[in-house]
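Some structures to go through are shown next.
Presented sequentially are two complexes of subunit A, the first with subunit B as partner and the second with subunit C.
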Partner chain A sequence: MVYISAASGITHQPTFKNAGFSASLDTISSDTELVSPNYKDYIDAGLLRRMSKILRMSVACAKECIQQAGEIHPDAIVVGTGLGCLQDTEKFLNTFLSVEGLLPPTSFIQSTHNTIAGQISLSIGNHGYNMTHTQNTLSFEHALIDSIMMLAEGDAHILVGAADEHISFLDSVAEQLDVTLPVAMTSGCSFFVLSKEKTDQTLAKLTAVETYGEIQKLEEHLNNFFESNSIDPARLDLVLFSGLDIDACGQVLHYLTSRGVKEDQIQDYLIYSGIYPTASAFAVHYAVDKIGQDPSLKNVLVCNCMNRRNLGLTLIQSVEA
Partner chain B sequence: MGVQITGIGIVSAIGKTVAENLGALKSGRSGIAPVQYLKERPELLVGEVKIGNAELIDKLAINNPNISRTSLLGLTAAREAWGNSPHHSGIRTGIISSTSVGGMDRSEWFYRDFLKQGNPDYEVLLCHDSGNTTERIARELGISGYINTLSTACSSGVNAIMLGARLIQQDKLDRVLVGGTDALTSFTVNGFKSLMIYDDAWCRPFDESRTGLNLGEGAAFLLLENDKSAAISGNKTLCYVKGWANAADAYHQTASSPDGKGATMAIQKAIKLSGVGIDKIDYVNAHGTGTKNNDLSESVALKNVFGDAIPPFSSTKPFTGHTLAAAGAIESVFSVLAIQHNLIYPSLNFTTPIAEAGLIPVTDLITDREVNTVLSNSFGFGGNNSSVVFSSTL
Partner chain C sequence: MDSLKEDLKKQIIAQLNLEDVQVEDIDDEALLFDADGLGLDSIDALELIVLLEKYYSIQVTKPEEGKEAFRSINSMAEYIRKRKAESVL
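Right after this comes the complex of A and B.
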């Protein structure tokens, strides 16, 4: 069994160091902003100056998460990111395409996806397994699967999380491609400590995570997921759902409602997180927080079909379940 | 239960098939040459795959031409590795690719137009994200289910092999196509130039006079199968993935530590997991980029692990250039070929050992001894260090 020992998030909601946040969320508005902590509390000022948004979010969030777990030394650091370090990528593109001669290297160095996990390992002096998954909307789920495997191979604690940053260029891309989004695109990062042993601090159980890319047999995948985890969909107390494509989402919703999940037990999480490729990490944080607040919640499913070709399923259970 | 390698595929500066790559390795022919396809100043030395995108699209019979070179190269190698393997409902199949640039080869052209305030084609950006490069490969091969992409800079390819082997070992998959792909881009050429580690001459790994790397491009894939899958597919075992490890150097964002800590840990852990005696490593395919920093740090790590008994080692980057995320996969295919054909490749362009280390790589092709076990190293930006051990026997 995999236990969630700590959960932390920096998002457009008051998620940071704010247990119980799930009770008082407003829908994301169009002029929404990231709720940033005082980064200097977590990152040296000299380093902070050079860090892009995604790096400061991730390092601060990861450090807070480790503190929450009782200053554990993670055996591995695993990160998922859909689009990586966009701010530095954009900056270096601008630099090398418009500046002649010697170029400053910082934005190039910080443009690679693994900068996030690398900076976290540097900031806490961690020499363990260090991995970066980038499978667009399923990047976080893949990071979770890897982490669960690391625990099965003998590790005790894994720091796992996801991060994506919004840059205004993304809005122009959406506009130019005629993509109409139901809520604003946002930035967000969430980190968790997963542990092999249950302690007094344990927040919830991470029971199962599966990804299905290039979906061919949706119903079969869903059947397999529930059967192999011995859970009847009717026993789900809450489904946190994301979906942008009506057809594909409709099929998943129909599957759930026709098997006993009531409509008022299904909740869209994108209206709270905003849209970014790893928003399902926000949903897991939200689920863990809800479970902490409401003892009647036993089984929560995060159902990620933000991209119609891909499905991510994450089952979180209360410690008692 | 062993993790078998039953298929390999590769496209690099020294050839578009396994056979062409093997031929070039045996004849000592480098693929690094003045730039031909990428729009850069003509004297730039790069390891390009000698084929344009239009020809690749045609050859691969791609219907939707909105596709990155990274995907095209990846698909070329993935198809060769996959071979005629059957699709079978009883074999749980996945794919793990790795890339550092993703679709940047086309995004940077988009961005040029965008900055000029011309009429840029925004559709191009649909192929930008790294995950998309893998999804395109998966779709063309008819693979669905576990589809994943890793991006850990220059260690990505080895990490894909490691993750695939673990998924088989933990019985999550029966068969998984693993590898890496990266196209050459102006983004990375200028990036390494900004770090002042791009050599204007031919790269010289492990040589005292080394001053940097030459970038390359390419892709390689390996088909990993468990016993059940191999029994159904009928594919022959080429060799086994025996050990793997990944460790963070946690020293500096780009530089490797002078004591080679992360590299030492990765090599030691991979050999330990393989269960192969440290004296049984017949050849080390080194990361050996030709930068001052990597080659010294890697030399120190080799000494830390092997003491005075360092196995024959070489870097094949003077053949292919540094292919970033593809490097670990390309060099793993070379390692498999070393075992299959009893070969130890030369480190081209070497003349003088590094003063502080004094290590001498293999400089001429060795063909007169058995090669049963090979260690391949890949060390990346951000302190990502990975090593993998291949062996002819289980």
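Right after this comes the complex of A and C.
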């Protein structure tokens, strides 16, 4: 069994150091801003000056998560990111186009996806397994799967999380592609400490994570998921869902509602997180927080259908379930 | 203040994103790579090489030259003047 020992997030909601935040969420609008802590409380000024938004968010959030877990030393750091360090990538490419001769190295060095996990590792002096997964909208789920395997191989604690940052260029791309989004694009990061053993601090159980790419046999996949975890869909207390009621996403909704999940038990989480590739990490944090606040919640399914060709399923259960 | 040194300080603050540092905070003789000075590191050294090329069209090709040139604001200004004078000859 995998236990969630700590959870932290920096998003467009008051998620940071705020247990019970799930009760006070407002829907995202185009002018909702990232709720940032004072980063100087978490990051040395000498390092902070070089860090882009995604790095500041991730390092501060990871450090707070570790503090919450009782200053543990994680055996591994695993990060999922859909689009990586966009701010530095944009800066590097703009310099590349406009400057002749030598290019400033910092934005190039920090433009790679694995800078996030690397900077966390440097900030806390961790020399363990350090991995970054980038699988579009399923990046976070893949980071979770990797972490679960590491725990099965003997690790005690894993720091796992996800981060993505919004830059205005993404809005220009959406406009040029004539894409109408149901909610604004945002930035967000969420980190968790996963542990092999249950303690007094355990927040919830991470029971199962599955991903399906280019979905073909949807019903078969869903049947297998519920059967292998010995849970009837009707026993789900809450489904946190992303996606529209069309194509495969629509089929998932129909599958759930035809098997006893009531419509008012299905909650769209993108209206709270905004759109970014790893928003399902926000949903997991939201689920953990809800379980902490409401003892009647036993089984919560995060159903990530943001990209309608891919499906991510994450089952979170209360410690008592 | 020597205008070259003042320009250098402004350029260093901008290039290295020294958020809390003002021009008047940087002493001409302070060691740039020392914790008691600006506390710069190896990535900053690369940024300084780029800065010299960008603003002064000076390429630092010999590592030992850079080590001495980047010691302080005074040594950087001296190095720039020396290289500019050489290029005129």
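Heads up, the rule we're going with is that the second predicted complex is superposed on the first by the 319 of 321 C-alpha atoms of A that agree within 3 Å, B and C clash if a C-alpha of one lies under 4 Å from a C-alpha of the other, contacts with A are read in each partner's own complex, and residues count from 1 in each chain.
We take it that a contact is a pair of C-beta atoms (placed from the backbone, for glycine too) under 8 Å apart; a residue touches a chain by one contact, two chains touch by 3 or more.
None of these values were measured; they are calculated from a predicted model.
Contacts of A:Met149 after superposition on the shared chain: subunit B is touched, whereas subunit C is not. Judged by the touch definition given at the top, the superposed model places A:Gln251 against neither subunit B nor subunit C.
In the superposed model, A:Ser242 makes contact with neither subunit B nor subunit C. When the two complexes are overlaid on their common chain A, residue A:Ile109 makes contact with subunit B and with subunit C alike.
When the two complexes are overlaid on their common chain A, residue A:Gly101 makes contact with subunit C while staying clear of subunit B.
Touch criterion not met for A:Thr278: it reaches neither subunit B nor subunit C.
Contacts of A:Ser52 after superposition: neither subunit B nor subunit C is touched. In the overlay built on the shared chain, the residue A:Leu122 is in contact with subunit B alone; subunit C does not reach it.
Counting residues of subunit A touched by each partner, subunit B versus subunit C, the larger count belongs to B. Overlap of the subunit B and subunit C contact sets on subunit A: residues 102-105, 109.
Contacts from subunit C toward subunit A in the complex involve residues 15-20, 39, 41, 43, 46-47, 49-50, 53-54, 59. Touching subunit C in their complex are the following residues of subunit A: 45-46, 48-50, 99, 101-106, 109.
Subunit A meets subunit B in the complex at residues 77, 82-84, 92-94, 96-98, 102-105, 108-115, 117-119, 121-122, 125-136, 138-139, 142, 145-146, 149, 152-153, 173, 176-177, 211-216, 277, 309. Contact residues on subunit B toward subunit A in their complex (touch as defined above): 100, 107-108, 111-112, 115, 122-123, 125-126, 129-132, 134-135, 138-139, 143-153, 159, 163, 166-167, 170, 172, 186-187, 190-191, 193-195, 246-254, 261-262, 265, 380-384.
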